[in-house]
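So, here's a batch of structures to check.
Both complexes shown next keep chain A, but they swap its partner, so chain B is in the first and chain C is in the second.
For the complex of A and B:
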């Protein structure tokens, strides 16, 4: 235990993290359910192939849908793991190291995912 | 009725590790656990150490783990506890001896929340008046007796002792929502930190533990919302 009774002032990021978790949670509920409905219930997974994706990504709507879902879900998850790490890892060095690796992994995933969604070029539909 | 008390004993000056003391006693079903502890101390083993004062659930001295739950020994009856009763000190605080724990850090966190009326406006001629509705607003959190049951039952506190803990937040709530108090900004500054209100993960153990039936998690939630309203 550190200096008892003197919580150190922080930048207030925790407030926004808390708010983000709630808002993204609600939005994700609809996005993820919609995703589940379209990709797993209406369309059988066997039918989801390159053609299917190409067709979907021909319009910006589904790209935006997937991009929003990717960002919200990934940041929501990263923040959740961050809270677990901050809760359970007290030694400064270990905490910093674990947080740093978490951020690196999330950043890579976010970049790869965004690249895939944004740069995918659907070839012109064949006959 | 006959009951067996299994009490966790520990004297740091003598014992390497805590051990279980077993005491078989004859008692009435309507006796409180505190009566049973008194019996052990007065007739069987005078070295048993615990804290108690009012014996009527109002001073908050005798909080301990009773059959694994944080309770006041003076508020539970033996008939609700079964034949074999385990009694342990509160979790998360340093054990001084047997059931007696060190509450210094806990009380320091309570004091850090400035649990007193803060005013900046000029003093009125008479008292600062308050309507019954305004008084009602924070009635629940005035009931806290600082026994430590909630904070000691909080997994966030077990994981990280830097957390101010539910009891401190409850007492901040008591003044934050008092219409006469003008210390909102200072208190929100103290609470809007990682180790302040944001370490609460809404686990509800505090509600389960509170012997005064304060809705602790709701109070913490209201403080979170108050901070949000203040900052946006």
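For the complex of A and C:
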């Protein structure tokens, strides 16, 4: 192993995970940095409120953007934390318990976030 | 119970590649923890404008605004260092220049982050 990331696994799910980290990372370069630029620099928390989100979510474009970013970022992060837990927690019981907690939390938040993005109904904004 | 102790971090190798690896993990975990909180707060939009706007008010406190600057720094470092990891993994011959690449990541990070941080702090200071 050199100064780069983990050595490329030979095959199987670890190879897919290795490849996913790199591919999702490159996509997130654009999605996450674009998100920060739009929501934290061009606009910022002084301007963001319910009305702002309602306007953004009036068309499918930003919902799709946010949904893709949510899935890629959460799975990328979950897999990253999985590797950290496997690296540092060696007793089998503790490792299994920490991984199970990680997966449960990530699954709940993936569901919650997806529901929030997909089911949000902007209130009717008449003149 | 923990295989790698705090001391091991500071004594092992200690070259620029090692520091990049530590920073990549620390920033990654930090961004992940924020992401978990962020999903919960944004999900409150489903409960209507009153609850949502009341909660976002929290993020306008100065402590949170400094946290926001740190978050942007963590994402920017993780992104730039991630590019370095991909380059070395997909073009292994670039390993010859791995020290230079780690320093380049540090310089690129400072070039992007310092003006961004100054700009963000100008909203609050």
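Brief remarks follow.
What we mean here is this: the second predicted complex is superposed on the first by the 116 of 127 C-alpha atoms of A that agree within 3 Å, B and C clash if a C-alpha of one lies under 4 Å from a C-alpha of the other, contacts with A are read in each partner's own complex, and residues count from 1 in each chain.
In this text, a residue touches a chain if its C-beta (ideal position, glycine included) is under 8 Å from a C-beta of that chain, and two chains touch if they have at least 3 such contacts.
Source: prediction; values computed, not measured.
Shared-chain residue A:12: touches chain B; no touch with chain C.
Looking at the shared chain after the overlay, A:91 reaches chain C, while chain B stays out of its contact range. Judged by the touch definition given at the top, the superposed model places A:27 against neither chain B nor chain C.
Contacts of A:38 after superposition: neither chain B nor chain C is touched.
Touch criterion met: A:119 reaches chain C, while chain B stays clear of it.
Contacts of A:48 after superposition on the shared chain: chain C is touched, whereas chain B is not.
With both complexes superposed, C is the one of chain B and chain C in contact with more chain A residues. In the superposition on chain A, the residues of chain A touched by chain B in one structure and by chain C in the other are 2, 4-5, 8, 87-88, 90.
Taken in their complex, chain A has these residues touching chain B: 1-2, 4-10, 12, 14-15, 17-19, 83, 86-88, 90. Within the complex formed with chain A, the chain B residues making contact are 104-105, 108-112, 156, 159-162, 164, 189-196, 198-199, 201, 224, 227-228, 231. Within the complex, the chain C residues that touch chain A are 1-4, 15-18, 20-21, 25, 28-29, 31-32, 35-36, 39-40, 42-43, 45-46, 48-49, 52-53, 56, 59-60, 64-65, 68, 72, 75-76, 79, 82-86, 88-90, 95, 98-99, 102, 116, 119-120, 123. Interface residues of chain A, counted against chain C in their complex, comprise 2-5, 8, 22, 25-26, 28-29, 32-33, 36, 40-41, 44-46, 48-51, 53, 70, 73-74, 77-78, 80-81, 84, 87-91, 94, 105, 109, 112-113, 115-116, 119-120, 123.
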